[in-house]
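Below, each structure is written out as structure tokens.
In what follows, chain A forms one complex with chain B and a second complex with chain C.
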Partner chain A sequence: MISLLWKIACNEWRRLWHARIPALLLLVLMTLWAIAALAAHHHWQDHANTVAEVTARSQHDWQAQPDRHPHRVSHYGDFVAKPVHPLSVIEPGILDQSGHLVYLEAHRLNSANFNPATEATSLGRFPLITPAMIVQWWMPLFLIMIAYATVTADKITGILAFMRGNGTPGMAIASGKWLALFLPLFFLLCLQAVLTLAWSWQSEQALLRLSILVFSQALYIAGWCLLVVAVSWFSKQLHGALLTLLLCWVCICIIFPRGLANLAQVSYPTQPRAEAEYHAELKLQSIGDSHNPNDPHFAAFKENILKKYHVSRVEDLPVNYHGILMQEGERLTTAVYREQQVLHDAQLAKQNESIRHWLWLTPSLALQYIQMASAGNDLPHHQAFIRQSEERRYQLIQYLNQIHTFKVQQHDDKNTRVSADFWKNAPRPQVNLPSIAVSRSSIAAGFLVLMGWVLLPGFLLFKVSHRI
Partner chain B sequence: MTSLLSIQQLSLRFAGREILNQLDLDLHAGEVVSVLGSNGAGKSTLLKSILGLQDAAEQTGKILIGGIDIAQARNQALSHLAYVPEQPAVYGHLSAIENIRYFLSLGTISQSADIASCLTMAGLPEPSWHRPCSEYSKGMKQKVMLAFALAKQAKLLLLDEPNSGLDPQATEELNQLIVQYKESGMGVLVVTHDVLSAIAFSDRLLMLSNGQLQPVALDQEAFTLDSLKKLYQGQA
Partner chain C sequence: MKHELTLLLKQRSIIALLLLSLFLTGFSLFNGWLNISHINDQIKQAKHEEILRKQDFLVHHSHDGTLDAGELGYYLFHNVYHSPGEWSFIALGNRLVIPYVQRIRLLGLQGQLYDGESHHPEYVMLGTFDYAFLLVFFAPLLCIALMHDLKASEQQAQRLLFLRSLMAEPKLFWANRVLSRWLLVTLTFVLPLLLFAAPKTLSFVPFIHILAITALYTFFWSMLCAAISLRKRALNANFNAMLLASIWVLLCVVLPNLSQLWLHYHYPLQDGSQIALQHRQLVHGAWDLPKEESLTPFYTRYPQWKDSPPVTERFHWKWYFAFQHMADVKLEPQVSARAQALKQRDQAASLLATLLPTVWVQRSLENIAQSNVPELLAQRQRIAAFHTQLRHYIYPYLFVEKPFTIDAYTHLPAFEDTAE
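The block that comes next holds the complex of A and B.
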């Protein structure tokens, strides 16, 4: 049976080669792929250089701070760069939109900024062609143009009836044709994987992430090859096969993904940043004002501190009351800002969830979910980065507030300078790329859809291949 | 004598319409049987049934090829026959020899005849054997397919409208070839509209009418335009 399929596949390759146009289209596709890979690599390299440069400068500037007041240090700020996986060359995902640098400062919850998408010129508004996009959009389109006639032509010329009538099983013909389409594309996917692995194997979970990526891409392309053969078998006319397949492509790759994203955005709108900050400010005001001596929350807080240290006046405290007040203020603002962040994350999660419910409509989007997750550039990875940055910010600021409390004399607060050694040894935990497990639900949903994507046209082909 | 093709009580309903109705047919080695019939009478359906390409649920009766039930062992049964469809089904990018070799390799036959001698017997001139079939005329393509039937060493040959689209000379050559096949001991079933050719090479002429096969007298003199019209209209 294998040799039968192989013979049919070899003949199909010979036929495509002889027809010239399919070979030319394949060449165009490979050229496009090479351009995409080079452009994406350049983009990634640029991005990685920026991150490295900013991280190094930030580290240097932080270490170079002189003896100074800790509160000044807390507003001096600290930069954190999002760790980017080398697979971002294949799929940058939301990286350009979400940003990759966070400025950490006291009493602020800064979201990631320096996102290249908002800084792009009008020319740069054209989306960057990436290798992932080639697989997701262009490869199916080229496949359709190359192979829409694969069975229809045999039908019209009577070859299909001849083969079937002389004992060649329909499933063997269908499988052979499918193999002829799938194998070269699978070879290209494997080539991409090997090249990527060659320079990314030392990165975190490289093999696992790449395996998931290649497997999902292979399933996606296998489904398209099955669909092309099934529709070609089903169609009586060449233009019918071409139009049906183009309609499928437009729906699967353009209309459904766009429609679902827009629908999710309309159904579950996210709060604009200014609005979130306004709500946070209102909430903080309702909690209390540390500058107001009559504020009930801070009056009670002061009472507790005085009681704890068995004194009756702030001036008699053995520690710096302003430092304690800073710690409490940071705790409160952080809680409120984190609450806003949780709300924002929940809104995004709802959007994601609503898209995931309709993911079965479009394997293209399912593939995109998996590709972004594999490259570490999807929403869960970004949220994990924001959480880690925020944790680092909180630890650092509270450390500085503690220094303020215990190392700065209360009576000479404004003029006191603390040794630079304190900032040099400040806790600045490294922000790491989270495990791919953070995206497991997206990956699982994506694979479920891709399995269905292969099974459905496979079943369709099985049914139609019994016909002449 | 064992029948090469035996159709017993074959009935077939499709979309509520009875296409074949308890049809019987026996075809022996060295015999040519032609089936006539108007468009839509069920000639192609009959061929599809013989080839085992009809949905078994729509069909009753039995078809034996070389004594083998097509419903039980389709591949084994089909190894005894060669089917040539109305359109000459050859790949344009392959030569005559490559086409035959490729199609033989897809079948279940264990051994085949020498392709060159089959092409010679089919009357395809040797200089054209290695040229791509896209350069062939329809008659030449038809000969490639008949050479394939010889190479396959089939005992039974099914021809669907073999003269369709051929010029008189090519038709004459084809008719002679069918007679040669018959003389070599092959059984041939031809589905055709070309009554005159059918009379030239057939041993029996059958009209497919109301789902059944009716014998037609093999008398060329008796066939006038009027009698032909009546013959075809009578089954309408």
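The block that comes next holds the complex of A and C.
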């Protein structure tokens, strides 16, 4: 059986080779791939350089601060750049759209700023060629062009009937043809993976991320090969096979992904940032105003502090009351801002959910989700980055408020400067790329769809391969 | 022509294809419209909320009928809007990433100008499903589907020789065939547009412009398809289809990508984050400097406040706002260099557009929809102008400490929305 399959596959290869055009197309595909890899590498390097520069500069500026009042330092703030995984060379994902710099300062939750998409010319509206795109779009397209005739031609020339007449089972022919198409492409995918691994083996979770990537790509391409063979078997004319396959490609790769994303945005539109800020401010006002001596929340708070230190006046406190107030204020504003962030994340989650509902329509988008997740450039990774930097902001600001409380004398608060050594030792944990586990739900959904994508054309092929 | 059309419309697969195209065009227009009306709604709501917010500010910050101009500059946010144009729904362009409501206060502008919008990044990455996208990407495919086998299909049906023997004017016959197909393709784009725009009383000139772009672009592809499928030996429909699809890939993806690479390489752009970092350094560094170092250069720019009372205490708002402004002034060369580079990129893109029809269509539609780089730069300039107007309005209250009355508060400049 194995040798039979192998014979059919070898014959198929021989025919493709003699037809010349398939070999030429494969060459064009490889050239495109090389261009994509170069462009993507350039893009990644650019980005990685920016991140390194910003991190170094921000670190230098922070350490070079003179003696200052701690509250000044908390307004001076800190910049955090979004770390990028080397696998971004394969799939840049939302790198250009999400913004890569967050400014951390007291009482504010800033957005991630500076995305190149804002300043892109009309050329930026054309889809980017990346190695991931090659697998997702161009490989199926070239596969269609190479192999649309694979069974139809045999049917027309009568070879298929002849083979069946000789006792070759239909399934063997189908599997052989499928192997002939799938193996070379699978080899290319593995080659890409090995090269990438050699280049990025030191990066975090490189092996795990890369194997998820290759596995999903292989499933996706396997599905396409099955579909091509099935449609080719189904069609009576070469022309019909080619047009049907091209129509499938246009819908699956171009129309559906964009259409789904746009439907999600239209059905669950996001609110502008300015509105979220305004609502946060309203909420804060309702909680309390630390400047107002009659405010119930802060009056109770003051009462508590006085009781804790067994004194009757703020002036008698052994610590700086302003610092304590700052800590309390920061705690409240942070809670409100995080709540807003959760609301915003929920909005995005709703959009994603509506896309997930219809994801089975387009394995191409499913593959893209997995590719983005394994390259660390999808929404969950971005949100994890935002959460990490917010955590760092809160820690840092509260550290500074502690210094304000314990190191700054109350009676001479505004004129005090605290030694710069305190800034140098401030807690500024490095913001790391989150583990791939953050996107496990989108990976799971993607794989589910890809499984279906292999099973459905596989079933079709199984059914259709009994025909002559 | 009439016969050609009846002949075409008798084929079920062609009807299906045309209906699909009609549906997609309708969806793209509807989608663009919903996106833009969402933006408009949000802007309207933000305007309403701004009025409330400003009243609220007055309640919280006025003491005996006056306000502290410094506090006002620090705490009061002013909304600026990036309102869509009338035809913006045609091509959403970069409208979804540029904040359409932004909040500006009297502090240094460069620290506020680049705030991001809270969009769904994956959505922006996948791209918008607007009329421009559909025209640029889908119209050529429709042309290819209808016109790649003009000669070959006749050959397949074994009618070609027969047809040739009948034709008095072969050129006229084929022209008729191509033009009728072109007409159908164009109609599937124009009809939904017409039906969509007619009840909305939109202005007429851009509409004609869009029609012309659509017709020209589909005509270009029809001619290309005709040229390939009417070649002397164009009898292999599959080869034609593959050749045309390859040209489509080249024009719609490969060449725009390579052009963009070239553009970015040729006109490098300083990353915006560098400006943000420097701005912070300038603003916060000023706290540690003697006050004269900020005030003297400020007074050379604004000599009218030179003789205002000197700052002797530890803190004074006028010193604070002076150094905020001076940080912007010091970054001015870098900011304008960036704007210049963006302009150059845009001009180079327009040059490329004369060579690549796909880029030309995308760009022309984005120009009509005002969702392109020039519009972004214009918006940044509008914000800067508003910020300057605001500063100039408040300076007298800061520098000579003119009492900031409630009357002055009600006359605070407001951002002039371009849509009005």
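A few notes on this one:
Here, the second predicted complex is superposed on the first by the 460 of 468 C-alpha atoms of A that agree within 3 Å, B and C clash if a C-alpha of one lies under 4 Å from a C-alpha of the other, contacts with A are read in each partner's own complex, and residues count from 1 in each chain.
As a convention for this text, a residue touches a chain if its C-beta (ideal position, glycine included) is under 8 Å from a C-beta of that chain, and two chains touch if they have at least 3 such contacts.
A quick note: this is a predicted structure, and the numbers were derived from the prediction, not measured.
Aligning the shared chain A places chain B and chain C next to each other free of steric conflict.
Applying the stated contact rule after C-alpha superposition, one finds that A:168 touches chain B and leaves chain C untouched. With both structures placed on the common chain, the touch criterion links A:7 to chain B but leaves chain C unconnected. Angle at the C-alpha centre of chain A formed with the centres of chain B and chain C, after superposition on chain A: 100°, rounded to the nearest 10. In the superposition on chain A, the chain among chain B and chain C reaching more residues of chain A is C. Looking at the shared chain after the overlay, A:81 reaches chain C, while chain B stays out of its contact range. By the document's definition of touching, neither partner reaches A:429: not chain B, not chain C.
By the document's definition of touching, of the two partners only chain B reaches A:159; chain C does not.
Shared-chain residue A:18: touches chain B; no touch with chain C. Once both complexes are placed on a shared chain A, the shortest Cα to Cα gap between chain B and chain C comes to 16 Å. Comparing which residues of chain A touch chain B with which touch chain C, the overlap is empty. Taken together, the chain C residues at the contact with chain A in this complex read 24, 27, 31, 34-35, 38, 42, 45-46, 49, 53, 60, 79, 93-94, 97-103, 114-129, 132-133, 137-138, 141, 145, 149, 156, 237-239, 241-242, 245-246, 249, 252-254, 256-261, 263, 269, 271-274, 276-277, 280-281, 284, 287-288, 314-315, 342, 345-346, 349, 352-353, 358-359, 362-363, 366, 372-373, 376.
Within the complex formed with chain A, the chain B residues making contact are 47-48, 51, 53, 55, 74-75, 78-79, 81-94, 102-103, 105-108, 145, 152, 158. The touching residues of chain A, counted against chain B in their complex, run 4, 7-8, 11, 14-15, 18-19, 154, 157-169, 172, 466-468.
In the complex of the two chains, the chain A residues touching chain C come out as 21, 28, 32, 35, 39, 42, 50, 53-54, 57-58, 61, 66, 68, 72, 75-77, 79, 81, 93-94, 96-101, 103, 110-115, 117-129, 138, 141, 145, 148-149, 238-239, 242-243, 246, 250, 254-255, 257-259, 261-266, 269-278, 289, 344, 348, 351-352, 365, 372, 378-379, 382, 414-415.
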